[in-house]
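What follows is a set of notes on a single structure, which appears directly below.
Chains here go by letter, A, B, C, D and E, matching the order in which they are written, and residues are numbered from 1 within each.
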């Protein structure tokens, strides 16, 4: 590839080119191409099981495509909110966020937790003892605080109550400003609130050689 | 398992009475000669009883040479030391002495040789009752024994055959893995007959009035006309050491002879040393066990006749038990 | 450019790799052979350096002994005898351990009653109770009993720890739905306990062999590996001793493999899993 | 009406109960005392029924012996000596096992190299290698070495199994965020491996004691419990044998408790957990 | 209590009376009363962390109130969709549902899975391999198929794509018809689609003796 090795140079745009991902016989992504314009937020939507999370996993370097090319990820640092939270259950909210931040983070953690409307009393409780929506907020803070080149959020606002959703969306938009981000969502309102470009992932021409019995 | 006899034990032993040894009157030539440290390995058990007088001398520094006596729990410890040359003299079970000799000899000659028999048989036939006086009385009975697949089995079966009994038909020998089992059977069952080594035998007899020593197998061996003796313990020396320090070896044997004499003559005093050496826990048991252990010192001319016949019995039963073949002339070291 | 994953997928114990991983260039089998080869070389070098065949014989001599031993009928009879004893002891331990652990998990009283018993079994030196064992069994079954007593606490402890670490959320779910207990056991308990049980089996099988042989060395039942090792030891037949040791290690490894394969099979059947397992990009979490 | 839960909350190994559970009417302690009492009665009855004091003495005689033994200085010196040896062996085994398991998990080659070594250590009867051990150490350290060799494979196997069953999802998370490995170890690896390690420690401590004493019975280092047990056995002093056995079992139980308390403490510190643990309504899943 | 033991008799209404739930010093539910009218669906809403899931847990018999009374639950059978799915990861979707059904269920499982729009290929795959929305559907089917007296759904439609949400809602309403049910949700549209009575849970007067450090 012709990606400039010079770190100070502009990154090549992060993109999937004709990416195919297979799990066994099942083709989950079939020659998918997707570009994440640098410095902007892209929203990804599509029916359940179409491969949104799989796309996320490719971008995070967790799945290697069977064929196709991924560009712009060579030296890129990443942060993510996973669809299933993936918090360390025995650690507090603050400790979960601090885990992914440099030691110099200072009061950023507190500011972040406050920004998503997490009650101060919940900061130092093991996240196992938090409610579903509270956990989701912690995962969101963890994804948005690190100074990563690429931020990927997989259905980040699920389970967050209606009353605080707007504030959380606003803070997310603020944190994503000027950064390259992908947000998976089923809600058109969220796309608008984030000022994101909507991309729709359609059912792949799945080839199922044979169904697993 | 390093158990050098403690100074404390020495003090109490010397207080117990005047030593039967005269202080060695060293000749001028011996004074000039440098004293050699003889490293002696002994096993915790009956075969070490004869050595306790020597151990006391060693601690007091009154021996003809310096002795560094260490008792070990298992031959496994002694064999590596012997082959690595880290001990000079070792007191081993007789058959093991032959095996080590066999296994370590090269075309250049032997590496380990026997210099003395230090302990005769330690096996006795015990009976809960008074019916048995000789091995032939065992006809039709069941004998419980330990030591299956090892010398006790071969010895017992040899003696039974010599007494005209065929093991399995005329007499049933039931082997038990644990001496404790045999002891418990003897204690609990009137009429039971069992073979036990020292100090179990003494322990059972001491604890149970109905159980008595019916036959001393060491005596039976001789009585049945064997020219050899029933041997348990043999003293071996590294050939290299014997060649390098013949005088030191001779002195060791002389001190050992005196020590054996002391143990046999003064079992009460010796018993305390035996306890101090950690071989036996209580002096009364030790005192009772001393005569039963047949502590001896057979060297020179007496060595080969006593030992060879015994080894040939083992060889006939299981060649591997003496290293596959009968040891040859170079097994026996005669130090005059 | 394609190498987005960097270090490749998380890999699991079975050597399966996640989708993101490079295909392993050398198979497990090759690696295992090379590893064993390495140790054989180390052994050979050590035996040559020590040059005391009484203490340490080299692999070549051992191989020679094995080649002599293995084709004989007596060898197979001996192996069969000891194998049967050890496997019986281990199997009994596995069954009893699972039953006791399940009972202890179900009732605090059973737990309290078993705790001192298991703690005692776990820590008591064999010398202390061997005479009691011999009271109830004769020496020919000593290996079975001792293997049982050694493997039992290992398996019990692991199974109990596994039961304690089952998925509490799934247990709540089955409670809410009033799922009948046999189904719950199959769906929740077994998958949760299995990895602990597997670890316990690995250890327990080794211990069963080790202690079973040790018991045979004490009891000397005729025609057993323990008797052979006792003789070899007593007569300083080091090549024999090592040959039989190799036999024991190989047998233990084979037993382990068979038991683990059976467990894996049971697991699959419970999961109703298709024969070739799905590739699992999350890796690891079986 | 309040009894909506029926069977009460899921309970975990530590005896903590979920919010839904009835408060236990009898404390753990009382149950443990009653259980031990039960077994003492069984023991007493058995010893009276058997009436063979050479084989089995009753708890009362053992207690009498213990009361004689315990106040002596020699007793404490003996206990101290053996305790030090066994604890040293176990501690070394724990450290080495964790280090080796971590290395094996990190590199397939290390894994392949260690596998035959551990399998051999696991299954080889002590009789077979004791002479080799005695080549390198003298008998006074035999207990330490043997305890080490017994505990090592247990801990290694459990830690490795624990590593394989860490939360793969969290591991992916740390990879995405490029969390430095020491933090990852504290946050993901240790919590995942700990229950396996705990099970391994329970078993390993028992084995270290058992085998350490057995080694002392072979090597007879002066002033050790093993020597005392050997003597007791040799002179048919069954009360002594049982008294020392009781001592060993109690020491093993205490060692286990201390080690587990230390682990629990380490776990809490890693989790930055408050001193009195939060009541956990999900129960179980520590 | 005076609940009639006769199974054929009408159940006493399921209700919480002045229920208080504490976790340590934290009061999560403070004298909450809530009645679930027999044969109807009640929707429960409220901010994150207010205690909706805790209420669900009380109804499911998983948490015992510190004080207060729960009625109508004595002989009542239950089914639930938990906030976090709680599927058996190694079992297939069909096996997960079958786990909670009597053996006589017949084709009900297939019908249910089809009704929530789960692709037939996904029925016999381990649920670990399913996407987030697919898993949610399995959890929903599992909750709705058993003939339970009380059905509790904790945010059941979260993560289900916009296109199929209406169909899933309609099937849920059909399954809940005439049964006593509680549905936790943050979305007013869902309340309407289910024809449920909305109940709002408000922040309790939490007493926090001291924050956990």
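Heads up, the rule we're going with is that a residue touches a chain if its C-beta (ideal position, glycine included) is under 8 Å from a C-beta of that chain, and two chains touch if they have at least 3 such contacts.
Since the model is a prediction, treat every value here as computed from it, not as a measurement.
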Least hop count linking subunit B to subunit E through chains in contact: 2
Chain-chain pair with the highest tally of contacting C-beta pairs: C-D
Centre distance in Å when subunit D and subunit E are each reduced to the mean of their C-alpha atoms: 44
Approximate Å spacing (C-alpha centroids) for the pair subunit A, subunit E: 29
Subunit C and subunit D, separation of their C-alpha mean positions in angstrom: 18
Contacts with 2+ other chains: residues of subunit A: 23, 61-62, 84, 125, 129, 212-213
Shared interface positions of subunit B, touching two or more other chains: 79-80, 84, 180-181, 184
Shared interface positions of subunit D, touching two or more other chains: 55, 131, 135, 169, 172, 175, 217, 230, 233, 278, 282, 285-286
Residue ranges of subunit B in contact with subunit C within the complex: 79-80, 83-84, 96, 99-100, 103-104, 148-150, 175-178, 180-181, 184, 320-321, 323
Interfacial residue positions of subunit D with respect to subunit A in the complex: 169-170, 172-179, 183, 187-188, 191, 271-273, 278, 280, 282, 285-286
Of subunit E, residues touching subunit C in the complex: 60-62, 77-80, 82, 84, 86, 88-92, 95, 99-100, 125-126, 128-129, 142, 146, 148
Partner subunit D, residues of subunit C touching it in the complex: 7, 10, 12-13, 15, 24, 28, 31-32, 34-36, 38-39, 50, 55-56, 108-109, 112-113, 115-117, 119-120, 122-129, 131-132, 135, 153-154, 157-158, 160-162, 164-169, 171-172, 175, 195-196, 198-200, 202-203, 205-207, 209-211, 213-214, 217, 226, 229-230, 233, 241-242, 244-245, 248-249, 252-253, 256, 282-286
Subunit D-facing residues of subunit B, complex: 1-3, 44, 71-74, 76-77, 79-80, 84, 180-181, 183-184, 187-188, 199-200, 203-204, 207, 278, 280-282, 285
